[in-house]
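Same chain, two partners: subunit A is paired with subunit B first, then with subunit C.
The block that comes next holds the complex of A and B.
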């Protein structure tokens, strides 16, 4: 029973967290298309979905060209930088610089936790990052003030740090001063990492993609819907596996338990025969047996539910990291429903498995015939 | 309170084989009577008791408790009747090994919905049966005679009208056999009917009426034809 409850509750929490993460990714992506340098589509996916820091750059003039492409309603740019796991920095993170004048993705998200405009030198951090007691973080030997922390998204963006473009430029200079060679040939004032596009009504993603490719060289266009679809397919397969496994597990458990209960009833035939002789009806004996089953089921279900909830919820972050997929814990009330539901289903399995045995116990002459072997 | 068994038969099906365990049996037992049925193992005695107590349904015939047919009763009604009117001493020791003597004694009280508390009655029976000191003992620590006395005390907890005893003295020595039979005589004198089935010839002298059962058939026997004992005082 403990194992059944564990499988049901853990499976529900895992699948719900993965679905939640996927929905969160859809919300956070926001843009219809992303333009990146050729060959860096996996880099973007790594940042967004897996929290793998990355950096790549385009000439910023491309953004203006893209703005003129037919079908593009609006666009904004972002600048990526990464810190390193070295003395210069508190933690290795992905920096994302955004343009406050054109941004339509990050500002709405930041406004949920920080109502002011982000000042130069201020950072907003993802939910997985923790500032020091003075609300500061050190990057490239410079201290930066943390203005706010974003709510969890279950995506790789939880491990990112956000700042306006001026702050990113400052970070860039600090990185150069710290002697980091990986950004040597880049002029940050003339570079962007990606261009995010909203498509005009009446145009399809395919059309605008075609138009961009026809107008601009050296870029790769990513349909964010495709990114999500691929992730959703991977998740969908995994979630389906969880459901099928849980269902099969429950069926096997019912079958195995029905055999166990039948054997147990057979072992207790003398006891039941005595009770019948003393005046217990078949119904009474069934009630006794059912009560015992419910107690056993309840105890096992409670243990399994508590273990599953405790492990899955406690190791939430670790699981998300290991899966490498969007992973966001559902709201407490949803967790309560899953745990309650898993508990009740497991408790119900006992009596279901007992049906055949109870039917046999209710037969009037079973006790006498049971004892014939004695 | 009167038990009437009229033309009762029981047929068992064992695969393709049919076994007539009880054939056309008729007898009556009233309150205060001590009736004994003697017969060898396999003669159908225990089957007859199980029919009378309502645990088995007869294939033919009628079983009436105060004029009411037990055969027509539903399982829970027959069980209630068995619990309230009948005291059943099953074959073998029949005690639940995970309960103390005191709990075993009170068990029948709790099998049906009823008011009151059986504790006082339980203490009274412990005293009467001389097993007060065994109150908190478990069955596996008792002798055969002690277990049988607990079984009898349990059968009396609900003040039954008729006591059904299935081989109550089997596996007992002559001294304990005598104690049990004298108890049954006392109980019947107090107004409770006793129907005892046994293969122990030494016990039948105590009964008011003796039947012999053989191959499922019941025949009334004259006590004078019993060779071991001639009167009740010699029983045991």
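The block that comes next holds the complex of A and C.
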């Protein structure tokens, strides 16, 4: 019973968190196409889905060329940078610089938590980044003011820090001063990391991708829908596996328990026969047996539910990291429904497995049962 | 020695050892490079001491014969469990960033073991409290029977 409750609750919490993470990713990817340097499609996926910091650069003139491509309605650029592992307890952070004049992606999220325009030197942080008590963060030996913290998305964007292009240029220079040798050859004023595109109505992603490839060299075009579809397909397979596994588990549990209960009832048949001889009705015997089963199922289900909830909810961050997929814990009331549902289904398994045994107990002749073996 | 007491003692000792060894090994805190030490380092140190204390309480529990002593030991184990829980959660804490190993693994692992230990301490306290009550009842009945026998002998 404990194992059944554990599988049901843990399975439903895991699948719900993964679905939630995917929906959150869909909402966050407001662009139709992303243009990155050739070979860096995995880098973008790492940033968006897994929270793996990355950086890569294109010449900023490419953005202007893309703006003139047929089918492109609007575009904006972003600039990426990562921090260093500065001490034992500091993880590298993804910096994302956006252009406030053209941005159509990041500003809507920021407006949910911060109504003013982001000033130079100010940062907005993802939900996993922690600022100090003075709302400041130190990067490359310089302190930056944190204007607001974004809500949790369950994606890699929770581990990112956002600023306007001027702030990112400042961070870039500071990084150079701090000794980040790999950016020595980059001119930040002439570089962008990623160009995000919205397609004009009447054009398909394939058409615009073809147009971009025909007019711009040395870039890779990523269809964001495809990126999500691939993740959704992987996730769909995994979630189906969880459901099938849980359903099989419930069926096997009902089958096994009906055998166990049957054996137990057989061992106690004289006890029940004596009760019947003393005047207890079949209904009374059924009630006794069902109550005992409910107590057993209830205790097992409660233990399994508490264990599954405790483990899955406590290790939420670790599970998300290990899965490498968008993972966002559902709202507390949904968690309560899953835990309550798992508990009730498991409690119901006991009486369901007992129905056959009760019917057999009540059919048995009292006299014959008492004289059996004499 | 009664089996139940030995079993309780062994489980308490195992939990104590998990609290001692866990933050140093399988659910380790963040690795410290050089002199820079974050709060999780001190949490692991504190849990080491608390865990050893709990393991010793478990051994004493298994060896103890008195029910009163077992009740007292249960209270001590429960309080140690509370202490083991509040060290990573409030008293000392762990690193702030959610994805750091100490935050994502050490804190929930120590918290779950501590909660299990507190529940175990409550269960063992109730078990030995009830056994103590039963023992007292038996003693009262025996005294009463001895008194009746003496009365009969005197009458005879």
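The definition used in the following text is that the second predicted complex is superposed on the first by the 362 of 374 C-alpha atoms of A that agree within 3 Å, B and C clash if a C-alpha of one lies under 4 Å from a C-alpha of the other, contacts with A are read in each partner's own complex, and residues count from 1 in each chain.
As a working rule, a residue touches a chain if its C-beta (ideal position, glycine included) is under 8 Å from a C-beta of that chain, and two chains touch if they have at least 3 such contacts.
From a predicted model like this one, the values you see are computed outputs, not experimental measurements.
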### Message
According to the stated criteria, A:284 is in contact with first (subunit B), second (subunit C), both, or neither; which is it?
### Response
first
### Query
With the two structures laid over each other on chain A, which partner does A:128 touch: subunit B (first), subunit C (second), both, or neither?
second
### Message
Output check: A:159 vs subunit B and subunit C. Expected answer is one of first, second, both, neither. What do you get?
### Response
second
### Message
So in the superposed three-chain picture, is A:119 touching just subunit B, just subunit C, both, or none of them (first/second/both/neither)?
### Response
neither
### Query
Counting only touches as set out at the top, which of subunit B and subunit C does A:177 meet: first, second, both, neither?
neither
### Task
Mind sorting out which residues of subunit A both subunit B and subunit C touch, each in its own complex?
none
### Query
Considering the complex alone, what residue numbers of subunit A touch subunit B?
271, 273-284, 362, 364-365, 367-368, 374
### Task
Using the touch rule from the top, collect the residues of subunit C that touch subunit A in their complex.
30-34, 36-38, 40, 95-100, 102-105, 108-109, 111-112, 115
### Message
Applying the document's contact rule, which stretches of subunit A touch subunit C when the two form their complex?
### Response
51, 87-91, 128-130, 159, 310-311, 314-315, 317-318, 321
### Task
Enumerate the contact residues on subunit B facing subunit A in the complex.
47, 50, 53, 55-57, 75-76, 78-84, 86, 88, 90, 92, 94-96, 107-108, 111-112, 154
